[in-house]
Amino acid sequence: MARVVLPNELARELAGGQKELEVEAENFRQLLKALDRRFPGMGDRLRDGVAVAIDGEIFQEPFLESIGEDSEVFFLPQIEAG
Amino acid sequence: MAKRHVTTTVNGEPREFLCEVDQTLLDALRDELGLTGSKEGCGSGDCGACSVMLDGRLVCSCLALAVEAEGREVETIEGMADGDRLHPLQRTFLEEAALQCGICTPGFLVAAKALLDRDPDPSETEIRYWLAGNLCRCTGYDKIVRAVQKAAVEMRAEA
Amino acid sequence: MRSIQYEAPATVDEAVARLAEAGDKARPLAGGTDLIVQMRSRLISPEVIVDVKNIPELLQVSEEGGGFRVGAAVPGAVLGENEAVVAMWPGVVEAFELIGSTQIQGRASLGGNLCNGSPAADSTPAMIAAGVTCEIAGPNGRREAPVEDLVTAPGETSLGRGELVVSFFLPPRPARTGDAYLRFIPRTEMDIAVVGVGVCVTLDDGGTCTGARVGLGAVAPRPLLVPAAADALVGTRLDDGAMANLAAAASAACNPIDDKRGTKTYRIKVAGVLARRAAGIASERARSN
Amino acid sequence: MSDSASGFKWVGTRPVRPDGLDKVTGRANFGADFTMPGMLVGRILRSPHAHARVAGIDASAALAVPGVKAVVTAEDFPEIPDGDLMVGEGPMNFRDLSCNVMARGKVLYDGHPVAAVAATSRAAAEEALDRIRVDYEVLPHVVDVLEAMEPGAPLLHENLFTEGVDPKPDRPSNVASRVEFSLGDVEAGFAEADVVVEGEYTTEAVHQGYIEPHAAVASVGEDGHCTVWCSSQGQFMVRAYCAKLLGVENSRIRVIPSEIGGGFGGKTTIYVEPVALALSRKAGRPVKIVMDRDEVFRATGPTSSTHVKVRIGATKDGRITAGDTELRYQAGAFSGSPVQLGCMTAFAPYHLDHVRAVGYDVVVNRPKCAAYRAPGAPMAAFGVESALDELAGKLGMDPLELRLANAAREGTKAAYGPRFRQIGYVETVEAALAHEHYRAALGPNQGRGVASGFWFNIGGQSSAAVHVNEDGTAVVVDPNPDIGGSRASMAIMAAEVLGIDYDRVRPIVPDTSSIPYSDMTGGSRVTFAVGMAVVEAAKQVVEELRSRAAKVWDVDVDGVVWENGEARPASSNVGEFEPLSLAALAEGSAKTGGPISGQATINARGAGPGFGTHVCDVEVDPDTGRVTVLRYTAVQDVGRAIHPSYVEGQLQGGAAQGIGWALNEEYVYSEAGTLENPGFLDYRVPVASDLPMIDTVLVEVPNPRHPYGVRGVGEVPIIPPLAAVANAIRHACGTRMNHLPASPPRLLAALDAAKLPEAAD
């Protein structure tokens, strides 16, 4: 089970304030589906314009990333270019 | 409004052009003579990107009228190298990585040459004050000052 | 469409005639470092530009009566290379050379700096302190006027229609006299003065101040001659008390504004600080003269 | 990757940049240097008001001016629905972008474009601008971030409801969003603290200050195909944004990048390009628009003015128990300040169990903020790093030792959430501590300050191609505008992989039709991400070269190795063959299958975070408030420097910009909400005589995810200087500047307010 940390706003809006949860997923696409099943609408909200840190590495576009058994998945805003 | 005809010398060559009375020397160099090496960064004499020599004096070409060039001598960045031989400053700017984006570089080179032509051994402080009218936003000036110092050493050795 | 004429007469008389004829629509062009910026930003739209740089008189520096006559269009870089003028009136030359960058120095003139009418012009307080006068040519002939009488308000001068400043007379320097100019700017270069102070002092053999002039810039609608500041020095040995009185008098003479370059409070305080520092330099120079 | 002396031939050397000659001879073409036959001059009419309703625009008199060929207003651009659309790099609100490029209905800041003219001369265009009659109904305005948040403040957008608050507000406001990042329990953390410091910190808006004004030439053909020559941080960005704003497909626009005269984030969006296109479309001729400097200041990307509250608690022995910050950033006229990044970076250099950052994105009547080098981070770091200096003082600890004791390391959970992998923050603090500068003596009225900074660094979509020429030289097609010497780095990396001389590799920056999409030059990504694409493309070339050699020798490709720019038999078992050089293989390529080339398209991952620590000495003139920077040292973990001179240059330039921010740069607004200092005379960037030499220390903790260990380096160096300078001022004169810039009037007022300053410590 991967440990997922949602953005504060989304946790409050769609997950009843629950910010951290355990999700069974082998990759990011499965993770989105799983989250969407649990909290309808969440998948769409997390598909575009968010970055994700998986085990500390930031992915501006995580769509294809795989997720390990004990991975920590952290949602972040995309990093602006300066 | 009738244009004025101006006969002048640019980088040692006789040149003629037509210009409006209120056209700046910078605009005439760039638009009438195709010498786009001199840049406009501000149009008010605050950035030095348009630096040229006018009758042997370092000036901002954005603060001179094109008509004032009549009968006078203008030197620009395009005339700094001697054929395919770079001026020592041009070479040391490259060697010392004294440019990043490069937009201010022509102005710095023209200004630095004017300095070394009159003072072959300026101190760091003198270099910094002489070049205070040339803005660079990329380098923090460190490598520019070093490039001028290095060129000065080389030019003194050659002299 | 706007139309502009450019003329570059070879004599003062021609220039004056042209300026008189066109009146407000004409502008003399010396170094152009203010004029061209103002045209470009469309603050002014002159119809006639009279380039005065083909008139030899305006480009000359010559000795006269123990002092110097400096053409109104002489660039800062040229005056700065004149060792005799620098030796006699270092404060005036320093002030002139503080205007803008090296590039600006290749063009900017004393006449332009004065007649642009800026309260913050660097060379003006220094010339006021040194007792410099200007020669003005006009349709009715020539006249002399002290520099402090020229600027009347921001951008305005006492010059009449067709009048042109031709030259400046830097008087012979009395014995044991020294001048200095200091300005405050936020950076080390390239700014307009937030405060400018010119000081000239004359000492007797014993080191007592027998004469002084203090000019202030950027602290009022026009550059000022401040007799009260001079009075604070005259008759003293320029001790700390006198210097404090000078600072207080300089500050008291200020009538500044708050603007993007500094606050009123700041200008008033720093005018005093700089007056003191400039008087220190001037008196050093006076002692060594 | 092992140590930096690990046998590279080109990586880590300092050759002359490939574009250098053109730039020292005046031949390089920048945005304003391009011309076309029949080209018109475009000029933009801008609002003189901070906030007004545009009741009508009458351009008939302008069109009557001889030489005027077209006038455009918002009516000439399609109206775009509100909301974000995805383009290459991420979501973007194109309605806002469109309204920023040309005001629709309301003008929202001094300098906001309302119309544009194309004419045969600048004079005719300006005369036409004078004759356009705009009917403004002036509205109350607000330019201050805190005032804009007050109830009853003049409202910029009727449809702006704060996001991120619960319940959703039912009334519009100027607060676009609230964001929060937290770890642990902040109040529990403060309960553990022996010492708590608190402060409020304010910064003024500053501009990127690139010397080259925005410039573009646009030409629209009768068939609707468009060409744009312009200076930007991304030709693909220009294409995508212009396409959306004009309502055309990407394939109809070809963007040809010029050399770029500085960007620092400010050229990551568009201003004049779509206007030039709209004018060209209407006039049927090419149109060139070059901004004047005042237009650059009034209407292009400054960064936010900010207000930051910081509270930090620590135990007596210097362990930070809690950090809490509240950041208010103004975004300009449309939402999207970098406040989130301020929240995320504020405490990032430190290991904290309990930390919280709350941010507010606020709209005001100022130009829309654009990215500026490490967007959002310097202002947050100013607050946190100043507070840490106070904390060190209260604890009686050396400020660098305090940072070291709390430094983030590999495995630390970053304040913004994830755990750090290999990072080099500790190494930067240790290097600063060990530096001779840190122990040098100081005189009266002099003080020393330190501060650190963090930036994520990013990767992103990148493409590159490497073509082998018939004579054995190579071309690197590097799709990212080169602002600071990146072509040199690309050529170095390609030469390293190919095993040929640097001088035989020539990089070029192509137009949008010549190479696949690449994200912008920004976020310190190019040498890292595009570098990876170049390495990948060069490796493809090497594979191809091996296969060509195998064909020549008639052996299996596995029997061929590539060493020192030559194909060699892998072992004597393969056979006895003379090595085949790249040049030889290139010359014979017709026989072995045609031209040799590689092209890579990647979405680069694994950007390594960057950390820096700066040491600054200043002298304060107590009578005038002038601050002189006496000495400056910038230490940074750069992963590995491909071309060390240009890496040093990034550190020096970033430090100089940060010093300007700290001391004299600021946007000054009048009571009427108009910008008072739109020029380099009164917007005071540092000049050469303002600065000392800027020493650099390149710490190399290689990024394991890059073939040569690269970390981005461009953003980090602008983050520490604000606090480093402010801390140095504090130690020079005893007065803490909570409001930057510490311009002489502001500092003197603070010194006078302190009256009896504490003895400098």
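Details
Labels A, B, C and D are assigned to the chains in the order they are written; within every chain, residues are numbered from 1.
One rule holds for everything that comes next: a contact is a pair of C-beta atoms (placed from the backbone, for glycine too) under 8 Å apart; a residue touches a chain by one contact, two chains touch by 3 or more.
These numbers were taken from a predicted model, which means no experiment stands behind them.
Across A-D and B-D, it is B-D that has more C-beta pairs touching.
Spacing of subunit A relative to subunit C, judged by their CA centroids, is 68 angstrom. We define each chain's centre as the mean of its Cα atoms; on that basis subunit B and subunit D are separated by 29 Å. The mean-CA centres of subunit A and subunit B are about 55 angstrom from one another, to the nearest whole unit.
In subunit C, the residues touching two or more other chains are 1-2, 41, 188-190.
Shared interface positions of subunit A, i.e. residues touching 2 or more other chains, are not present. Among the residues of subunit B, those in touch with two or more other chains are 20, 22, 43-44, 46, 129, 131-134. Counting only pairs that meet the touch rule, the chains in contact are A-D, B-C, B-D, C-D. Of all the residues in subunit C, the ones that touch subunit D in their complex are 1-2, 41-42, 184, 186-192, 194, 259-263, 265-266, 269-270, 273-274.
Taken in their complex, subunit B has these residues touching subunit D: 20, 22, 30-31, 35-44, 46-47, 49, 76-78, 80-81, 86, 90, 93-97, 99-106, 109, 124-125, 127-129, 131-146.
Looking at the complex, you find that subunit C touches subunit B at residues 1-6, 8, 29, 31-33, 36-37, 39-41, 49, 51, 53, 75, 77, 100-104, 106-107, 188-190. Within the complex, the subunit D residues that touch subunit A are 84, 86, 89-91, 163-164, 166, 179-182, 233, 264-265, 268, 338, 340-341, 344, 371-376, 414, 416-421, 456, 458-461, 519-525, 603, 605-607, 705, 714-715. Those residues of subunit B that touch subunit C in the complex are listed here as 1, 4, 20-22, 24, 43-46, 48, 51, 54, 57-60, 62-65, 67-68, 70, 111, 114-115, 129-134.
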